[in-house]
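Here chain A shows up in two complexes: once beside chain B, once beside chain C.
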Partner chain A sequence: MGEKAVPGKKKRNIESTGYFFVAPFVIAFIIFSVYPVLRTFYLSFTDYKGFGDAALTGGVNYLRVLQDKFFWRSLWNTAKIWSVNIVLQLGLALALTIVFSDIKYKIRGLAVFRALYYLPNLIAATSVAFLFKTLLDWRYGTLNQILVGSGAVGSPVNWLGSTATAPYVISVISAWMWFGNSFIMLMAGVQGISKDYFEAAAIDGAGRMKTFTRITLPLLKPIMLYVGITSLIGGLQMFDLPFLISGGTAGNPSGSTQTVVMYLYKFGFETNQVGYASAIAYVLFIIIFLFSALQFKVMYGRKKGGN
Partner chain B sequence: MRMKRAAAFTLAGLMAVSMTACGSGNGGSAKGSTSDSTEETKNEAAATAGKKDASEKLVVWTLADDLKQFAERYCEKNPDVQIETVTIAPADYPTKIQTAMRGKQTTPDIIVGEPQMLEDMYEAGYFEDLDQEPYNAQDYADKIVDYVWDVGKDADGVQRAISYQITPCGVFYRRDIAEKVFGTDDPEEIGNMFQDYDTILSTGETLRDAGYKIFASDMEMTYFSGDSAWVEDGKLKIDQARMDYLDSCVKLYQNDMTAYVAQWSTTWYQAMGGSVPVIDKETNVWDETEMEEAAENGKTTEIFAYGLPAWGVVTMRDHVGDLSGKWGVCAGPAYGFSGGTYIGISALSEKKELAWDFLKFCTLTEETLDWWIEASQGDVVSYLPCLEKHKEDENTVYGGEKLYQFFLEQAEGIDYSKVTKYDKKINDAWAAAIDSIKTGEKSKEDAVDEFYDVVASTYPEIEIQR
Partner chain C sequence: MAAKAKKSILYIILILLAVICLMPFALMMVNATRSGSEIVHSFTLIPSNALAQNWETVSGYFDLFKGILNSLIVSVPATLLSSYFSAMAAYGLVMYKFKGNKFISGVIIIFMMIPGQLSMIGFYDLITKMHMIDTYWPLILPAIAAPGTVFFLRQYCEGALQPALIEAARMDGAKEIYIFHKIILPLMSPGIATMAIGAFIGSWNSYLIPLILLNTPEKFTLPVMIASLNASTDITANQGAIYLAVAISVIPILIVFAFCSKYIIGSISAGGVKE
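Let's turn to the complex of A and B:
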């Protein structure tokens, strides 16, 4: 453009034009992100009930969160549900990646399969919950009818009514919903690996297993780490599926499917303790922040060591 | 290229199919309003009654679709008024109202609430004071069933809302089975078999031995649990009736007296109209003849009774099918009520006089309520002159029983002072405790301990003596 560096007025004009262009985003960001974040922070120090006036109460809410055993139980539940979920989700995605990235098989129709695997993610959580509640009903569910009918089990399994199975059922459904997503990311990762490595390995006579463990897997690690950690952050915010399947924020049976966000919802929207719910939100935020920091550290550390 | 296009179409088709397949499987939904969280929630939908060019417009935010019919009726009588009725799911309702009120919106003009929501809504100042001029609601005090009138009052005794219906609970039972097993189908005598939890258990055993199940789920007596308020003077109270209720739920379940059906599930509704299968190892459920044989061999079962509030009259009517006329209603082990839509005027409305006219039309006008009894085919109204008039009405679905008389008697026994704003969550926690005992996950002691812990963590202000 060859803009001359004119001192004074003109330069300032250019700067203010820039502000004008970013203004729509900044205004929306302030209204919809910054304000709620600050407001929640303020509310977490009050006894606000969702209506009327809020009185400052100091750190009472935070103290209550730390001493609330059900908060910690819900955090533990969340971690439990998430960890089984991530093993299944990543395991399945990885297995499919191995199959689809094999240069000898050259499986056709990758796009079709990719879309098919992604489909569960497009179904609304409400529908998924209703579907699985019907399929997994204790006495009248399809799955138990098949299992009992075929003699695989002696008596129907109470999938959603027993603390031994209910949380893991949610893990499995969640993995079913999300493995397609991970699969797409891992496939993208594989396609990003230079073909030269695979060809060189083939020429050197490396078998399928060796190629996978020595080339694909190490080079996929950053992507797997990324998928794992973003999933952890999303997983800590898990709400819809367990809420709908267990039918409320109590997380039945015996609170075994109550996640942190369900616990927060119980106070924020069901018992009018907005101040306390805000404090829970901030404690959860700190936990997620720590994991995010860990993610950056691990990723950054890898880059340094790798390159 | 062609392959790709074909694949794309197939996929699009698949997606559409999977969506509709998931969306179409809705079970029946309970008519009327209920505090039960598992009940299916309807989508928000606005309906407009009356002419577009009407000179005045009223906005109603409701929980139950009933008010849409009231609005249409009102607009027929008042052609210069247009009413927009928005139905909002119970779970979303408090949040929506809160947002509107805090935003100082002048609409909705008419707002509603269910009993367990009302205390907070009164406290927040959402409802107009109906005792003042020009409403003078107290002039109508003797026209409405007592407990309904009391639910509509705030902590200071100021009238804030009125309901057009009463929702006392009863035990809905199968007359034909009663005749077969007990030799009588008289509501009075069957009522005696449900008079307390011990009797209910022995009734359940008799029915089980005759090849029936007393209840579909073990939650049917939940409306009749407890003799006193959960919280009295800021203290949590577990009375003997609560404990008896807990024990009886556990026994009903463990001694195989229910069909293990979840309340409000498809099978639960299905059992209102006939037999439901009891699945065992040998039955191949996919084989029609085998299922028919199983039915003959008693591998299906029929449900004797349901515990439901008065709006259950309508719910059940829609599901009984061929069993119409074979049901009856009798009293349960205690007086109870559940749900009910309470109508009030928004404190911020700019059309309060019109809103009051509509409120009066819905709750205090004999002609409207006579019409509603017809239109709803069995909803039980709260307006006493109407109840009196229909006292002798016989409901053919329930073997010609005089239901208005029955529910009025039940309503007279209700003590509203037992209701607290803590009930919903405490009941949920109590139900969770019962669940974990009956399935053997926890001992009674541990489960009750956990119940105390849950209440303590949910409401730190409640004093708990273990």
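Let's turn to the complex of A and C:
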């Protein structure tokens, strides 16, 4: 029975080798993730300029953010661009999900369509931005050539130069980039729904509309919420596309495409008001964190409550 | 008959949508072969013969192959580091009951909710202090700590690994790290591949962080290089050259997608199937 003590001791040694396995991750995590988050928090209470000394200024930066109408404008722009995008993106994804999950139509080629619809999401935002910037050019762009040539519009539309169109052009491009992603997630959700439900509904004589509103939609609701909130969290950090399409942090025309992260970038890396930029980051941080917590609650809270 | 007609209309709409997804790429490829004046005057899907001329214009501004090489120098090591160390951490968290295990798992979840982009001020400050501005290290090393990947692989481990298997290997006297390398990694490889492709594409397409960290044009990664087109106003006079530059930047990702689309779509579906 002397043997029994040995495995026990050995067992404890084995369990502590876990530290060895997680150590690289934990060390890199503390340096590159935890420290920057805390450092940004500290800087948000200082007048740091990116060099020299940083003097503590209390909550001055935060008061300034709350009173800064350009900050609120950038938040409004971001929300506006995102909202139009999510309606298009999720609406299209939902429509496609209904079509592909219909047991009577039996649409084929899901794998091919799915891949094609997803393709725009893979391309770097920089490439997408330049592609559309060139295609949508007021005077020389291909889109205006098509529209004017076919007589759809009388004179070229200044897509990116007018405040009435520029933010929404970005919404449409974002939706174009992301609807395939949403579609794949919704489709995965539908494939998780047992076919029996649909067959039972068909036997009971439920029409297409009824099947959709009574079965598909309720069962997809959690996933739609997940997709929506994930998109909102990403959307609030929108930078590449509006920055490159409008050609800088000013968000031309007339600041209508200036997003929060563009505004933050302007102070952090152009005018060197690093302390103020940090406070902007934290205000956005808090907004995003609230949405993330909501999402987490939606995704995992219910499951825990059920058990 | 009516149902058949409806079905045909649906197919036409689906195909039309696919065309909308592909059209900008098709126009890009075609326009890359046309001269500036041709593009300005009309549009067509028939390629022209200005490819060589456009290429000359592009290479006059920057070395795209250098950009691709730079992007590879960043993305390949970042992908390998994130795959290896995330698998290691995930395995460690699942298989060993050490003190602090639960705490680390909790912190990972919290940090998944904190958007990394927003701590870029603190990150830039850190990199400045480490004297790593204008180097590739800050683009590569942080890949070691990828909370999202660890989270995914941890769930994967819980489903795919059997403790009995590991016990058996221990009985045979195998060292823990040997078990990880020879038994666990191969078992986890489908999950790792899924995450690796995502990590590679994310790193390859990343713009904001390289933009703030890299100063020397020769060191620019591909997206930063493409975006610097903005500054060089002469090139905007030649649209064909822009299309060609963008086309070249897109091709590597299209190749990856052609071979790995199953994994990519699988990884997104995994996000959709939440019990």
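Just so it is clear, the second predicted complex is superposed on the first by the 279 of 307 C-alpha atoms of A that agree within 3 Å, B and C clash if a C-alpha of one lies under 4 Å from a C-alpha of the other, contacts with A are read in each partner's own complex, and residues count from 1 in each chain.
Rule of thumb we're sticking to: a contact is a pair of C-beta atoms (placed from the backbone, for glycine too) under 8 Å apart; a residue touches a chain by one contact, two chains touch by 3 or more.
Since this is a predicted model, take the numbers as computed values, not measurements.
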item: Touched partner set for A:158, first chain B, second chain C, both or neither; value: first
item: First (chain B), second (chain C), both or neither touched by A:25; value: second
item: First, second, both or neither for A:131, with chain B first and chain C second; value: both
item: Contacts of A:115 with chain B and chain C, given as first, second, both or neither; value: both
item: Touched partner set for A:287, first chain B, second chain C, both or neither; value: neither
item: Chain B versus chain C as contact partner of A:217, first or second or both or neither; value: neither
item: Contacts of A:99 with chain B and chain C, given as first, second, both or neither; value: second
item: Chain A: partner with more touched residues, chain B or chain C; value: C
item: Partner chain(s) touched by A:202 [first = chain B, second = chain C, both, neither]; value: neither
item: Partner chain(s) touched by A:272 [first = chain B, second = chain C, both, neither]; value: first
item: Intersection of chain A interface sets (partners chain B, chain C); value: 115-116, 119, 122-124, 127, 130-131, 134, 137, 139-140, 145, 149, 247, 269
item: Complex contacts: residues of chain B adjacent to chain A; value: 4, 7, 10-11, 14-15, 18-19, 22-23, 25-26, 37-38, 94-95, 98, 101-102, 120, 123-125, 259-262, 265-267, 276-281, 283-286, 424-425, 428-429, 432, 435-436, 439, 441-442, 450, 453-454, 457-460
item: Residue numbers on chain C that touch chain A, as the complex places them; value: 3, 6-7, 10-11, 14, 17-18, 20-22, 24-25, 27-28, 31, 39-40, 42-43, 85-86, 88-89, 91-93, 95-98, 101, 104, 107, 109, 111, 113-126, 138, 141-142, 144-145, 147, 150, 170, 176-177, 180, 201, 204-205, 207-208, 212, 222-224, 226-227, 229-230, 239, 242-243, 245-246, 249-250, 253-254, 256-257, 261, 264-265, 268-275
item: Interface residues, chain A side, partner chain B - complex; value: 49-52, 64, 68-71, 109, 111-112, 115-116, 119, 122-124, 127-128, 130-131, 134, 137-140, 144-145, 148-149, 151, 154-156, 158, 161-163, 247-248, 250, 252-255, 266-267, 269-272
item: Residues on chain A engaged by chain C in the complex (per definition of touch); value: 14-22, 24-29, 31-41, 43, 92, 96, 99, 104-105, 107, 113-120, 122-127, 129-132, 134-135, 137, 139-140, 142, 145-146, 149, 176, 180-181, 184-189, 192, 222-223, 226-227, 230, 233, 236-237, 239-240, 244, 247, 261, 264-265, 268-269, 274, 277-278, 281-282, 284-285, 288-289, 292-293, 295-296, 299, 303
